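In the two assemblies presented below, chain A is common to both, partnered first by chain B and then by chain C.
The block that comes next holds the complex of A and B.
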C-alpha cells in the first residue's frame, strides 16, 4: 500500500515539474514584460530598463532556455524570482495569497462533495419523486451556467434578503480591517458565506449527478439484497454497503473536478474581491508578469496533483481490493 | 487493483454495443434503417424535442433578431444612458449608451459559432488521437496517454490565459484552435478505450490480414463504429466550449474587442448586475438557456443512439 502511494507520488512530482516548466516557457514566449517599462513619461533609460529586466530574469534578449535554466535553478530552492512591477518577491506574495485561496477551495470542496453525495444518494433512493426531479433540474441549470451568472444570482438573492429585513452581508472583500476583536471575526465569517456558497453549489451539482448514477447502479445489486436478507435495516444496508460502494467511482471524479473548481475559484475571488491566487493569475497575465504566472501554474499543478493523490488514498480506503495488492 | 498513471482521470467508457439489437421491430417486411431508428427514438423524448425547438428559436433570434431594431451593437445613444426596456431600446441601454438587445444578440452569434466550431474541432482531435493510440498501442499509445495526462494537470483556463497575449489582434479562429487543443483530453481517453476494444473484433482482424493499411482500417472500421459516441460528444462539447469561451472572454483572454461575445457582454454588464439587472439578466438568461438546451439534446441523442446508456434513467 505504502509502496503504491509512493510510486504515485513520484509520478505526480514528475508531472508537476513538467507542467510548471511548460507554463514558464509558454509564458516567456507570449508575455511581454518589457512592455511594462516602456511608454512611461519620463522614459526609462535603456540601460536601467535592461538592468531591471535582467534582475527579474525576464530580459527578452536572453534566450528562453537560458532564462528557464536560471528560473528552475531558483525554484528548486523555493525562489520564484521577483515580480515584474515593484520590488516584491513572488514567493512573498504567494505566501500572502495562498491561504486565502486554500480556505475558499477547502470549504467549497468539503461542502460541495458532502452535499453532492447526500443529494445524489437521496435522488437515487427517491428516484422520480419531487425531491429527485427538483435536484436534477437544479443541477442541470447550474452546470449550464457560467460562474459569473451564479455569482450575480447569489449576490442578488442576498441583496433581496437584506431589503426584506435580513442581515447585511458585504459582497466584496475578505475582511474589514476597521473592525476589531469579536466583531472582526464575525464579519469575516459572514463574508465567507457567499463565495463558499458559489463554489459549493458547483460541487454539489457536479457530484450529485455522478453519485446518483453510481447509486442507481448499486441499488439493484445482489449484495444489497443479501445485506437486507441477513437482517440489516434498509437504512443500515444502504449506508454501510450501498453508499460506500457507490462512492468508489466518485472518488476518481474528484481529482478530475478539482481543475474545474480552481477555475471557478478564479472567478469567485475576482468578483468577490478576495486577493487569492486566482486573482493573482488574472492580474499577472494582464501585467505580463512571467514569474508570477509560472508560480501560480506551479501552485495549481501541485494542488491538482495533491487532489489526485488524495483520491488515490480515498480509493484505497474505500476499496479493499486496492489495499491487498 | 493497481492504478496505472493513466487511470487517474479515467472516465467510464461506454460499452460498445450494437444499438440495433435492443429494439428492432421490423414493420411489415420493411426494414428500418439505423438512422430512422435513432430518429424515431429521439422523437419519442419530449425533453429532447423541446430543447431542440428552443435552441432553433435561439439561433433564429441570434441571426434575425438584430434586424428588428435599428440600433447596431456598436451604436451609442448617450441621451438614454441606463434607461430600462422600452419600445425604442427593447432591453434598455447600458452605462455608456449601447443597446443591450443588439449587443447581446451580436455576442450570442459569436458564442454560438465558436461553440459549434470548437466542439467539432475538439472531437475531431480526440477521435484521431484516441483511435490512433488505441489501435496501434505500444509506444504511440504511451505517448498519447502521457500528453493527455500532462494536459490534464493544468486547467485549460490557466494555459489559455497564459497564451492569450498571443491572441491579441488575431482572428477568433485562433481562439477556437486553442480551445480545441486544450479541451480534447477526456474524450480522447474514452475514444482510446473504445478503439482498444474494437481492434480485437473479427472484422478488424479480417481487414488487417487482408492487408488493409492501418490508417484505412481506422477510417473505415473504427471511426464509423464510434460515430454515435462522437456525435453525442460534439453536442456536449458545444456547451462546454461556450462556457469556456465565456470565461476567457470575461477576463479579456478570449474574443478581443471590437469583437463581441457573450463573455465580453457579461463582463461589461457584471458591475451593474445588482443595481441595473436589465443590463445583465437578458444575456445571462439567454446563455444559460442555450447551454441547457444543448446538454438536454445531448442526453436525448445519447439515449436515442444507445438506449442502454445510463442517462435514460434520468
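The block that comes next holds the complex of A and C.
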C-alpha cells in the first residue's frame, strides 16, 4: 500500500515538474516584463532598467533556457524570485494569498462533492421523476454557463433576499478591517457564503452527473438484490451497499474536479474582490510578471498533486480490489 | 475427494399432501410496461410448496420462471404490476410494505442467485456480509454474528473458514462464492430457500459440489426449496416435483418421475427430446423444437406453444388450455390433447420428428488413417508472462495456458475439445486461428506449416479455416445488415460483387434463413437465428475446417438442438471438418467423432467418442462425466458421483508430476505411497490404451461412470 502511494507520488512529482516548466517557458515567451519599465515618466535609464530586469531574472536579452535554468534552480530551494513590480519576493506574496484561496477551494470542494453525491444518488433513485429531471436540467445549465454569469446571478439573488427583509450579506471583500472581535469573525464568515456557494454549485453540477450514472449502474446490480434478499429494507440496502459501492468511481473524478474548480475560482476571487491566488494570477498577467505567473502555476500543480494523491488513497480505502495489489 | 452415494433415502410418495402448504401462489400475474405495450411476463401461475419439499421450476429464458420467484420475494422493480395472491404460512405477501417484507426476507424465505460474481457486494468481506444477514434478523453482538458466519462458511465447505471469512468476494472462486451465497441464505434457518439458477454459471465439477452443498444446507435447515433452472438434468436428481413454464404460464406440474417418464404436454416432451444426453448408446440426432418462443408483448391466440407444436389442432389456435387434470393423479398439464397423448402412449419421438442422421460422405475413405489430415497440432505451447513493477517491468512468472498440446483432425471428422474454464481450450484455438508460428511446437493447417507462411498466404488460408464464436449476440456487429456481415469475409478475399450477392442468398438458405433477411440487422433475430448467421459467415468462403468455439452454450436447449443438427448436416453436405470446443460433454457426445479432454493446458485423454464415453480411463474424464447430471430421475438417484475436491489450480503454479494429482481421487484414495510418489514425481505422457485411445495417467483404468 505504501509502495503504491509512493509510486503515485513520484508520478505526480514528474507531472508537477512538467506543468511548471511549461508554464514558465510559455510565460517567458509571451509576457514582456520590460514593457512595465518602459514608457515611465521620468524614463528609467537603460542601465538601471537592465539591472532591475537582471535582478528579477527577466532580461529578454538572456536566452529563455538560461533564465529557465536559473529559475528552476531557485524553485528547488523554495525561491520563486522577485516580483517584477516592487521589491517583494514572490514567495512572500504567495504565502499571504495561499490561505485565502485554499479556504475557498477546500470549502467549495467539500460542499460541492457532498452535495453532488447526494443529489446524484437522489436523481438515480428517482430516475425520470421530477426531482431527477430538475437536477439534471439545472446541472447542465450551470455547466454551460460562464462563471461570471453565475456569480452575478448569485449576487442578484442575495440582494433580492436582502430587499425582502433578509440579512445583509456583503458581496465583495474578504474581511472588514474596521470590525473587531466576534463581529470581525462573523462578518468574515458571512463574506465566505457567496463565493463558496458559487464554487459549490459548480462542484455539485459536476459531481452529481457522475454520481447519478455510477448509482444507476449499481441500482441494477445483483448484489443490491442480494442485500435486499437478506432482509435489508430498500433504503438501508441502497445506502449501505449501493452508495458505498457507487462512490468508488467518483473518487477518480476528484482530482480532475480540483483543476476545474481552480479555474472557476480565479474568476470567483476576482469578482468577489478576494485577494487570493486567482486574482494574483490575473494581476500578474496584466503586469507581465513572469515570476508570479510561474509561481501560481506551480502552486496549482502542487494542489492537483495532493488532490490526486488523496483520491488514490480514498480509492484504495473504498475498494478492496485495488488495495490488495 | 469423496465418492458420495447418491441414492436418496426412501421418501414419502412425492407430492403427497403432508400438512398445510408453506407457500401458496395463486393466479399470479406480472407485467412490465414497455414501448411496444405491456410485457406479460407471468400470466396466471398457481402452485404450492409444502414444508420440506423441493419444487423445481423449469423453463427457457423468458418463460417467467425467475420473475415469478422474484415476485414472491417482493424484489421486482417498482415498474412491475403484480396481481394475484402469494401466501406464505397463511399470510398474504402481496401488498405488504417494504418494511414488513424485509422482516420475512432472509429469515422466512431466503434466496440464492445465479451469478455469484456479481451477487456479492465487492467492498465488504464475505464474513461481514454473512454476519450482516445474521444481525438483521437476530439480536446478537457483532462478535457472535461473525462467529456464526465462520461456522456457516465451515458448514458449506469453505476450507479455513476462520481465515477466509476476511476475504473479499474477488478473492473467492465462482464455486466458493456460491457456497458463501448458500451460507448467507441459511444463516437464519429459513423455511423456504429459493435458488435461482444456482449452478448455471459454474463448471460441471463445481456444479456437482455446489448441488451437494445445497442438499446439505437443505438437510441442516429442513427448509423447502424452490429450484429455478433450465437444466433438466439438475432437476432429475434434486426435485420432488416439477413445474414446467412456457410463455409466462405453468404448462405442466407433476412429481419428478411423472414429468420425465410420462409427460403430458408436448412442450415438456420436446424439451426432454432436445437435451443432448451422454447416456445414449450411439450417436443420434437431437429432436429440435422448431421456431422460437413467442414475444410476450404479442402472444398468439390460443395456446402459446401452438405455433411450434406439431400436433396442434384447430382448438389449440383459438382456446388457451388451462392447467388441468390428466389421466394420472397429482399430474396437471395445459394441453387440449393430453388425454390423447396418454391413450396413444406418445413419446417425444412420436410427437416431434427426429431428423434422420445425415448419410456418411461416400467419397471419403472409410478408414480414418487413409483420410487427409486437415489440421495438426504438434506439442504446441503458449505461455503468458506475468509482469510486475511500474517503471521497469520484469517477468516474475508465466501462465502456461497451453503446455504441449498435440492432436490431429482428418477430413470429414469432428474433434470435440472439452474442458472446464481455464483449461486452455480457448487459447489453443486462438493459436490455431492466429496462423502464426507457435512459441514452441508446430501447427499444420491443410498440410502447410503456419511457421513458414507468408502474409499473403496467411490471408488466403483464412478462406479455408473459419470460426464460429460462442456468443451470437456479441459476435455480430449490431450496425451492419446481415448481408454485409456475410459478405465481409468475401470482400477480404476480393471476390467480385455479383458473386458475393448470389453467395449471400445461398448461404442464408443453407442455414435455414430466407434470402430476404439480408437487409435486416442482427437485433431483429433471435439467439438461435443469430448463431445460424454466425455459421453462415463461417461458411462464406467454402472452408475446409471450421473451429466452433462453444457454438451452442449460449442458447436455450430447444434451440440448441436445431443448431447442433444443422452443424452435423452441413458437415456431411460440404465435406467439412470441425474442431468443436465445448465445456459440455453431453453436447460433444452428439456431434463429435473423437474427443480430447483438456486439463490445465494439457490433453489428458483422447480417443473416439465411443471410447471416451464407454471406457473413460483418466480419472479426470471420469470425474467430468460423473459430474454431468442425467435427465433421468431413476438413473440419477442410483448413480455414484465422483466429487472432485477444490478448484482448478492456477496455470501459473502447476502441480509437479501429474498435474491432476492435487485433485485426483485415485491418487488420494486408491494408491499406495510408492505409487503416489510416481504421480508426484513423473509427469505422465499420453499412454497408449489400444487403438487411438490414449490417456495421461500412470494408473489409467476404465471405470464405468455414466
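As a working rule, the second predicted complex is superposed on the first by the 325 of 325 C-alpha atoms of A that agree within 3 Å, B and C clash if a C-alpha of one lies under 4 Å from a C-alpha of the other, contacts with A are read in each partner's own complex, and residues count from 1 in each chain.
The rule we apply is simple: a contact is a pair of C-beta atoms (placed from the backbone, for glycine too) under 8 Å apart; a residue touches a chain by one contact, two chains touch by 3 or more.
All of these numbers come straight from a predicted model, not from anything done at the bench.
Residue contacts after overlaying the shared chain place A:297 against chain B, while chain C stays out of touching range. In the overlay built on the shared chain, the residue A:161 is in contact with neither chain B nor chain C. By the document's definition of touching, neither partner reaches A:179: not chain B, not chain C. With both structures placed on the common chain, the touch criterion links A:13 to neither chain B nor chain C.
If you count the residues of chain A touched by chain B and by chain C, you find the higher number for B. Shared-chain residue A:319: touches chain B and chain C both. By the touch criterion defined above, A:244 lies against chain C but remains apart from chain B after alignment on the C-alpha atoms of chain A.
Residues 319, 321 of chain A lie in contact with chain B in one complex and with chain C in the other. Partner chain A is touched in their complex by these residues of chain C: 73, 75, 98-99, 102-107, 110-111, 113, 115, 118-125, 132-133, 136-137, 168, 170-171, 181, 184, 188, 390.
Remark: chain A residues 4, 8, 11, 15-16, 18-19, 22-23, 26-27, 29-32, 127, 136, 140-141, 143-149, 152, 155-156, 159, 171, 213, 216-217, 249, 252, 255-256, 259-260, 262-263, 266-267, 270-271, 281-282, 285-286, 288, 293, 296-297, 300-301, 304-305, 308, 311-312, 315, 319, 321-322, 325 touch chain B in the complex.
Residue ranges on chain B touching chain A, taken from their complex, read 1-3, 5, 8-12, 149-150, 152-159, 161-166, 186, 239, 243, 246-247, 250-253, 266-267, 270, 273-274, 277, 280, 284, 287-289, 291-292, 294-296, 310-311, 313-314. Interface of chain A with chain C (complex): residues 7, 221-223, 225-235, 241, 244-245, 248, 318-321, 324.
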